[in-house]
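Next come the structures, one after another.
Each of the next two complexes has chain A plus one more chain, namely chain B in the first and chain C in the second.
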Partner chain A sequence: MAPTSIIESLRQQIASCEAQLRDLRSQLAEAEHSQKEQREQDRLRHATGPSSDPLGHDMTYGIHDDFRSEVFAVLSQVEDERPPPRRWPLDRHEYRRYGRQLIMPEIGLQGQLRLKNASVLIVGVGGLGCPAAAYLAGAGVGTLGLVDGDTVEESNLHRQILHSTGRVGMTKVDSARVALNSLNPNVRLVPHSSRLAPETAISTFQQYDLVLDCTDTPASRYLISDTCVLLGKTLVSASALRTDGQLMVLNNPPRPPGDTSGGPCYRCVFPKPPPPESVVSCGDGGILGPVVGVMGVLQALEAIKVLTRATQSPAESLSAPPPDPPSLLIFSAYSNPMFRSIRLRARKPKCAACSAQASVTSEAVSSGSLDYVQFCGATNPVDALSPSERISVENYAKVRLDVNPFTGMEPSKDSHILVDTREKVQYDLCSLEGSVNIPFSIVSGTSAARARWSDNSQTSGEQDWVSELRRHPDKPIFVVCRLGNDSQLTVKKMKELGLDNGGQRWIGDLKGGLRAWRDVIDKDFPEY
Partner chain B sequence: MASKKSPSGHFSILYFAAASTFTGKATEHLPAPVKASELFARLEERYAGIKEKVLSSCAVTVNLEYIDVEGDEVADLDRVIEEGDEVAIIPPVSSG
Partner chain C sequence: MEGDQTINITLGFLGGLDKLVLGDLDENQMAIRLSSRTETGKNVNLKYLFKHIYDNLLVKSERLVPKRDPRYDENDPGKQLPFEEAASVLIENGKIRGGNLVVINEADWECIADDLAEELGVEVVADEMEISDGDKIEFVTTLHGG
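Coming up: the complex of A and B.
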């Protein structure tokens, strides 16, 4: 195994370095090109300037005073870049680059200058963070901070648009820097290449004007919201799973805790975290690229709205329109209408973070005494079965493939029942020959006591799988799932339902699930 | 999942994300009127386990407006969901 994996890893590293090199070369070419273009234009401007001027000054008496300084300037010009006189508030190339948004009344010159002077922290450079960062860099936000501790994986690429095939294995922060830098080299990119932690949250957030929550766990959502409340930063929070997304602009305006005129925080809207076993990641639940993309793009939009509205002087703040009332935008790709906007309340009078009774303090956050992981409930690996109820994939392979050493019997798929508890759509992707699909959603919805469902069709459907298994009381039942968690809970449920005939029939699961089967037994079995 | 107008004597309820997964539905119509404070109990009768596994962390809205069904705001607790109202059950989505 070892040499193959080393070779594979070296290949990946080489591919990733080559991709970086290609990127750098194209950036260099771009930079050289624009330098050349700029010099050309400078030359033309200086050359044609005086002659195209219809003043008709008689040169026999020397150069007209008005032009003298310009001529001297050209003569004294060194080949190197010299800072152009600050005649206009933006650089020449900035007028060109941002022209299409500059001419909009919502942005204008002041808006563009605000974007240029702004710093935005993007926590999480994945499905949300990639599109959000791309649009903010494109729009000319002066400084973008990027927080992520992960590396790019092939399964990220269908939605995490800053990363590329050649950069699989690179850290997400580095990969995003390559992409963003080639998109807009004028943006200062600040890498924070580790996972956001309570100990570092406050010091990391401090230097930024605005924060985007592009993370993927309940714990990080509460940590980010609390930190933003403590530091007085507005937060643009979005999330997405499967076909659904949510978007909120929180702590807007960002007033101190206890000030009821401030915008609500994440805890005001969702005071209780979801039960840990109900939290599904994109890896387990799935995600459609454009769904999370839409949410990330909307985050960039809200960020631009907040930043360009931001006021710089007290005089301005009096005349500035108040921010939009707080709302929760719900995106549901397969429903009609796709968007719903929910009106939110002001801050909750008893909010733990932003009310006058707040218990969340900077001390508690950074010392770790506020345990976010515990607050959201740790998800321990399922450990529901005893060793005798579990079989390794090696031993199960023998059951399937080998001649029985004691009886000399040929292996037979009929000797046992293999139940696969993945959802049907996954089962249809790939499955072991001879297995029976009983999705875990149906298993977990079956009550050991008499089902209390009002809907009769559902009850009889769920009973079917139980009675089917009862019809072969002698055959041992092996249960398999993707990773070996749902399979354990299914074994427990089957025993509760009495399918083991009081211990006469063996029921157990395959340790490590189909992932272990692929790793150890059948390398061709698809990984998804 | 177009939220069709609910039949007389009913309100419509929309299930998002985990609530939709748990109920197996995106929307349905339930008998009105019902007190907002009793909504979760009603749903628990229909979908055993939903209160603990889903509803406890959800935001609830009536006609696109957030209400606090488990807090202690009297106005919300006394609120009655009437015929024709649109209620939404919105679990926090945390992935991204």
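Coming up: the complex of A and C.
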């Protein structure tokens, strides 16, 4: 689009928004006015005073005002209490809005009414929660609860489709409310604007029929599953990373702990959490927008299936088809076929949450005595080097630009070696001039023992990067990575490999990595 | 001799395990051949397979090992786990680590163990189930992003 037409289109949008705003203001004024009148009438209706005893009123000139208002009140009450029987179960606009799904046998009128009466809690309004909420709001789910304690960041926008550029910095819950309300104003949106905590989980979940786990940590997955089992709610759980996604419908049907006919819970499938060092977030591992989008959309789909099948009466539940057998759906964007379904076990006889021997109780959850964070383990920040093996970005900037603080020498381009240990794809995005890329995956795959051994046999078979660094034994080596963790492990590895020549050559890392470099030294260095 | 027979099975690694086990290969599957009997003459079972994978297949990625593992302490000789022992997110001390699922011919191995237990009327320990020729055994690690 040419810039002029962009400007024109923006002008038009502003004009239309201003018109909308004017319209809303006049609607508001009207509504306020009629509310005021209503209050005035109510006041008249209820006003009684000894000074104007209505019975003392002379009826010759008509009924006393107080009687009149009483009569009106009675008349209007009759209307309030017995509205004319509705001719159709849905409003006219609802037939229009949901028409395309109403005509499907899977939904139909009964299904739509069930959606309308249903309440769904979405925990996490990110890459999964945004598309899930959008489709559930679109489908006419009566109430949507939104739980998230984060605010919108620019790096969310490629996948978290309810948020927008203009709402960066707003809480995710508020941003989602704006988007969902404009999508379907008939849906009641309930904000829960803080991170889900064990203390609040039960009271938060209680009022909902179904829960969607759209979170991104193992601890929250166990907490959500336990809470759903305790409250008898079905749980639709999904996750995604890089190019892969996983989906399970858990506790389906939702039966009390000990009832083996209930569906398995998260603990049945994964009784033990993953080792914390193996848990990779989207921020570290990356995520393709449509991959997490697919998983969120599938959550909405499973939710609709569960809700429209839900039965109101025991008689109905006998005739209702049983839910699908438990399964794990695996999505893999770069595999063929992309989707696979794995058959899952039934409830585990010794499950800590849903078996007869369950140790997870409401008290244990809400009192905080079940420590989910500890259960899943926490990773400590890497602290592998001594202070003398680390340099601040300020001092490194001096090495590059000013006099070398260690030697007092003038800067020169090849006074040192700067090693960047990010993976190649990240290095290609942006890097410091003159740096060499030695990805951490290659560094960590290099065995110190083997290298030492091969050192004796004249470096035959030694990895290229090691021999390359050996060729410049005098130059100090500075190691940098994204955040300053891998760089420390790399320095350690280099010393194990003997690249420091028994301490003659300085090897160290840049504290805080390229993030610190950008924050302190070079504001233009890209943030990703 | 019967003891010399071999079985062919397919191994698969999903959810990011492919990178760990198979390195930069494009495939997430590999075919392997195993002796059908252990040294003591028993039919090979899953436990045997896990050891085989651990000893022969796992790429030794240090990212998954030291420092970040609370059980590791470089100053305490008792806590300096040998590299192999601390190594993998998949197998530890011969057992599958938390957060991983073993899938045999498209079903959770616990599911197969349950079915087998019902069929035989005895308790079945999942990793003692025997492997048959043609089995497809996959390892799925949980994802947590959202």
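Here is the rule we use: the second predicted complex is superposed on the first by the 423 of 528 C-alpha atoms of A that agree within 3 Å, B and C clash if a C-alpha of one lies under 4 Å from a C-alpha of the other, contacts with A are read in each partner's own complex, and residues count from 1 in each chain.
FYI, a residue touches a chain if its C-beta (ideal position, glycine included) is under 8 Å from a C-beta of that chain, and two chains touch if they have at least 3 such contacts.
Because the structure is a prediction, the values reported are computed rather than measured.
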Superposition on chain A - do chain B and chain C clash or fit: clash
Which superposed partner A:346 touches (first chain B, second chain C, both, neither): second
Chain B versus chain C as contact partner of A:273, first or second or both or neither: both
Touched partner set for A:336, first chain B, second chain C, both or neither: first
Touching partner for A:384 - first (chain B), second (chain C), both, neither: second
Contacts of A:214 with chain B and chain C, given as first, second, both or neither: both
Contacts of A:186 with chain B and chain C, given as first, second, both or neither: neither
Partner chain(s) touched by A:119 [first = chain B, second = chain C, both, neither]: neither
Partner chain in contact with A:489 - chain B first, chain C second, else both or neither: second
Which of chain B and chain C A:431 touches, first, second, both or neither: neither
Doubly contacted residues of chain A, that is, touched by chain B and again by chain C: 124, 126-129, 214-218, 221, 238-242, 244-246, 269-270, 272-275, 277-282, 285, 287, 292, 328, 330, 332, 335, 340-345, 348, 441, 447
For the chain C and chain A complex, residues of the former touching the latter: 14-16, 28, 59-65, 67-70, 89, 97-101, 103, 106-108, 110-111, 114, 140-146
Chain A - residues contacting chain C, complex: 124, 126-129, 213-218, 221, 238-242, 244-246, 269-282, 285, 287, 292, 328, 330, 332, 335, 340-346, 348, 377, 379-380, 382-384, 440-441, 444-445, 447, 486, 489, 493
Interface residues, chain B side, partner chain A - complex: 1-2, 16-18, 21, 26, 46, 48, 52-54, 56-57, 59, 61, 64-66, 68, 71, 88, 90-96
Contact footprint of chain B on chain A as seen in their complex: 124, 126-129, 214-218, 221, 238-242, 244-246, 269-270, 272-275, 277-282, 285, 287, 292, 295, 328, 330, 332, 334-336, 340-345, 348, 350, 441, 447, 452-454
